[in-house]
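One chain, chain A, links the two complexes that follow: it is found with chain B in the first and with chain C in the second.
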Partner chain A sequence: MQATIESQQDGHAVVRLAGRLDFLSSGEARQRFVEAVASGQRALVVDLGEVLFIDSSGLGALIGGLKAARQAGGDLRIARAGEQARSVLSLTSLDRVFRMYDTVDDALAAF
Partner chain B sequence: MTMTPDQRRISLAHRDRLLPGDRADEAGLRARLWLIRLLIVVATLLGANYLVWRYAASINWAFWPIALALLAAETYSFIDTCLFSLTMWRYRPRGEPPAPRGDETVDIFITCYNEPIELVRETVRAALAITFPHRTYVLDDGRSPEMRAMAMAEGAGYIVRTEEWSGHDYHAKAGNVNNALFQTDGEFLLILDADQVPKPAILDRTLGYFHDPRVAFVQTPQWFKNVPPGDPFGSQAPLFYGPIQQGKDGWNAAFFCGSNAILRREALMQSGVVGYARGLDRRVRRALAISGRVLRQADQRLSPTQRARFQPTIRELQQAIRDAREDLGAGQPLQEVTWRFQRRAEQAARAVVVQDLAAIRDELADLPGLDPGMALEQRLSDLLDDEFALSALARRESSPLAAIETVRALLMAVDVDRADEAIPIMPVATISVTEDMATAMQLHSLGWRSVFHHEILAEGLAPEDLRTALQQRLRWAQGTVQVMLRDNPLLKRGLAPVQRLMYFATMWSYLSGFVAVVYLVAPVLYLFFGWLPVKAYSSEFFLRLVPYLVANQLLFIVVGWGIPTWRGQQYSLALFPLWIRATTSAVANVVFKRKLGFVVTPKTRQAGASFRLIVPQLVVMAALVAAVIYGLARLALGLANDRLSITVNVAWALYDLVMLSAIIGAALYEPPASSELELLADGALTAATEHGRHGAGLR
Partner chain C sequence: MRSPRSDRGQNRDVEPPRFQTEPIAIEEREIAATAAGLDALHGALDRLWHCGETRTPAFPDQRWRFEFTTAVVEIVANIVRHAYPVEAENTARTARLTFALLADRVEAILTDRGVALSGDLADLTPEPPADVLEESGRGLAIARSLLDELTYERRPDGTNRWRLMKRFAP
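Moving on, here comes the complex of A and B:
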């Protein structure tokens, strides 16, 4: 999995993930979210467009990031979730929690 | 699992590794299953025949309290027979396990909490010696430097709670495992209690079951190496870690029992994520549902000056709540609904913050010649211009409204971060002190499969004194009843009908304490006072009852063939005060939020101390003995006109006494003078039971 963080103004940031977000990489992903929040980027948009596969540990990382962002007064939004990601989100009822944005810009605009 | 004839032949060569009962060849196993099924049919039909007659024609209304109590008790027992029969209907010995792929990654978690270092060391060494490649971690909730040093010296990993946990509920062992899950990344994990010393083959013999991608966990038996001959405390549970689990396995309802089990990380994590999503939904809805009352009460409690200050904020909050409920009803995601709600609550609170800060600044300005005050005044002015600082001061816990505790709780609850928990996801369930059962039920409800592999692959330590043994049993029983009340399997969505009944059967068996009282008291009441619960001990009564009892006992004998089950049978009656206490305390805990409580007794082993633990049993035994003597005396003196009834009740009382006698043996039991093992077991189990260590219930 690769993760790149693109900082924007006012504490906004886009986290672009690529590859597999699974039990092997979820710890690292979570760490990146937490670090971003700690460095003042409280409004995170996670771009899942290049993520090939996401498992429950990967979902756990997203929730961990959401918690960190919320506790700092920000939020973590999901954009460009693919078919596989949408299906695991709905399988785990997480679609009741997350709003899935079609584009990164939509997600940013919603803050 | 189906096997080719070749595999079957190989497996027969290995069958001596398996436990008795599973060693027969395929034809033998099939014959045994059909014999069990035949006995099930016979026993339930005879039971129904007896019970229908009891209801229709036998109730002695002259003594209706005991008559109805006995009828209720017999109904309970019949339902118990039916549930047991259902369990055994698909009795499924699995035989030889499939071999692992070879590239699985496995983390071994040894959970500990202040157990003696040397005891854990033995487990760690055995874990490191497991042949299949793996990583070994000591999960130390005791945070002891000695334990850390031991783990390092042995070459095992060492994990303690992360900082997130400070100030939050630790959730005992469930929390310990959950904490470690987020610091490791094996595809599978083997959980071992600190005293459960694994055999080198434990992974080779179990990982193969995970070829089926739907299998979430493989449970193996818990067996205790320090139990003396005769098992005075009834520690071993061979019937449970044998036919009963094998029967549940046949229905895809094998239980996870906390230790000696291998779990698939993905299954646990999924269960945790689902638990988070559903729990969150419930939490937010409940908070919104009661918010009207919370805010009204908050409003009423305000003094007139406070009211002037807060009322606009409360009004705005009320409106925000109405909108949030509407949005939720319209199916908007929680993230969005709670985000908007939090922003509005913050905006509403900001007015108060600004007002307060401005007032302070003005007061400072009125104080002449106060230099530090000037600096403060400047800082307050800056603060009033700082958007982010103002938001932070108005947000949730720092909101001025948060001074009202209930409003603060409301603000915290209508969010998605589960600020009340250390970590938002709890893969191992935390709703009960028996986290294992709740977790298994959650996994089954999500469609995962389970396996019970009947081979002893780890050996542990059982309590060596009555106090600890009772404490452990009480915890299991309390936990089971907690799960029944908090997450009733009969109502839980996602479970198959028989899976519901398999969980319910175990919960049902823990309600036996109340029934035992009836069975113990009934003969005493008859022998002393002539209270006869049935119209007559007629030939019809015996013709219906005796075949039922015989068939029932035969079924039990065939199911438990080759397994010592007698001690377990005794204890299911003899521990009646404990079962009652477990039920009542669990109800008080779940319904009235009371603490669960412990068996409080002196820790030193004294001759008299043990007997203090079993006072209710001693009282009942004294009453039974007196009743037997009184009955026999009346027979001998020819004072009785109903000789048959007296004989029956004397026999009944004697049976009760034989069952209860197990507890006397336990109270009198003196362990061999302080063996090293015993000291270790003592320390381990006292620490562990109080921390929520688990295993199976007793049946």
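Moving on, here comes the complex of A and C:
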């Protein structure tokens, strides 16, 4: 998995993930979310467009990031979730917890 | 002369996975909890899907394949996380994967030489976590809900054997 963080103004940031967000990579992803929030970026958009596969550990990383962002008064939102990601988010009812958007721009504009 | 019962028992213990009908295709991999290991897992399933497309009529769509793959990864995650001692390196957290394509279903047999599952499988997957913001504890419940059958067996030869089965048609 690769993760790049693109800082924007007013505490917004886009976290672009690529590859598999699974039990091997979820710890690193969670750490990136939490570090971004700690450095003042509390409005996170996680771009899942290049994520090929996500498992329950990957969902756990997203939840960890969401909790960190909310505790700082912000939020973590999901953009460009693919079919497999949507399927596991729906199966776990987490599609009702995360706000999901078709594009990164839509997600940023909604903050 | 018939072989003594104990011999038959031993032979049965070391038998490779068997399937109710002859598989159309089998993919086997020995993997560790590493990126290369997971590449092998996904690669083996991709090969099985290719066989399914070319050798069975009406092979299920991408969503169905994602569901089976997700279930397999959740069980592998459980094995590598819970069957080995805390201090074990990821390279020592291994599992043997056998994927079989049959006429109306796909099966996976996942075997490891780690410690036995603590507790009964049914008790371990009652419901997803009550707190929707809980960060862990969903894996087995996800796997079960995506499969037609999920069983776990501690075998006399000291291995753990998981069997996952999903039919093409519900």
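Just a few scattered comments:
Keep in mind that, in the parts below, the second predicted complex is superposed on the first by the 111 of 111 C-alpha atoms of A that agree within 3 Å, B and C clash if a C-alpha of one lies under 4 Å from a C-alpha of the other, contacts with A are read in each partner's own complex, and residues count from 1 in each chain.
Note that in this section contacts are C-beta pairs under 8 Å (C-beta built on N, C-alpha and C of every residue); 3 or more make two chains touch, one makes a residue touch a chain.
Fair warning: this is a prediction, and the values are worked out from it, not measured in the lab.
After superposition on chain A, the partners chain B and chain C collide with one another. Touch criterion not met for A:Thr103: it reaches neither chain B nor chain C.
When the two complexes are overlaid on their common chain A, residue A:Asp95 makes contact with chain B while staying clear of chain C.
With both structures placed on the common chain, the touch criterion links A:Asp55 to chain B and to chain C.
Once the two complexes are laid over each other on the shared chain, residue contacts for A:Phe23 go to chain B and to chain C alike. After overlaying the two complexes on the shared chain, residue contacts for A:Ser87 are found with chain C alone; chain B is out of touch. In the superposition on chain A, A:Gly73 makes contact with chain B only, while chain C stays out of contact range. Residue overlap on chain A between its contacts with chain B in one complex and with chain C in the other: 23-24, 55-57, 59-60, 63-64, 66-67, 91-94, 96-97.
Contact residues of chain A toward chain C in the complex are 20, 22-24, 53, 55-57, 59-61, 63-64, 66-67, 83-84, 87-88, 91-94, 96-97. Those residues of chain C lying in contact with chain A across their complex are 33-35, 38, 42, 62-63, 66-67, 69-70, 73-74, 77, 80-81, 90, 128, 132-136, 138-139, 142, 145-146. Here chain B touches chain A in the complex through residues 182-183, 185, 187, 265-266, 269-270, 272-274, 276-278, 280-281, 332-336, 339, 391-392, 395, 415-419, 423-425, going by the rule given at the top.
Interface residues of chain A facing chain B in the complex, by the touch rule stated above, are 23-24, 26-27, 30, 55-57, 59-60, 63-64, 66-67, 70-71, 73, 75, 77, 91-99, 110.
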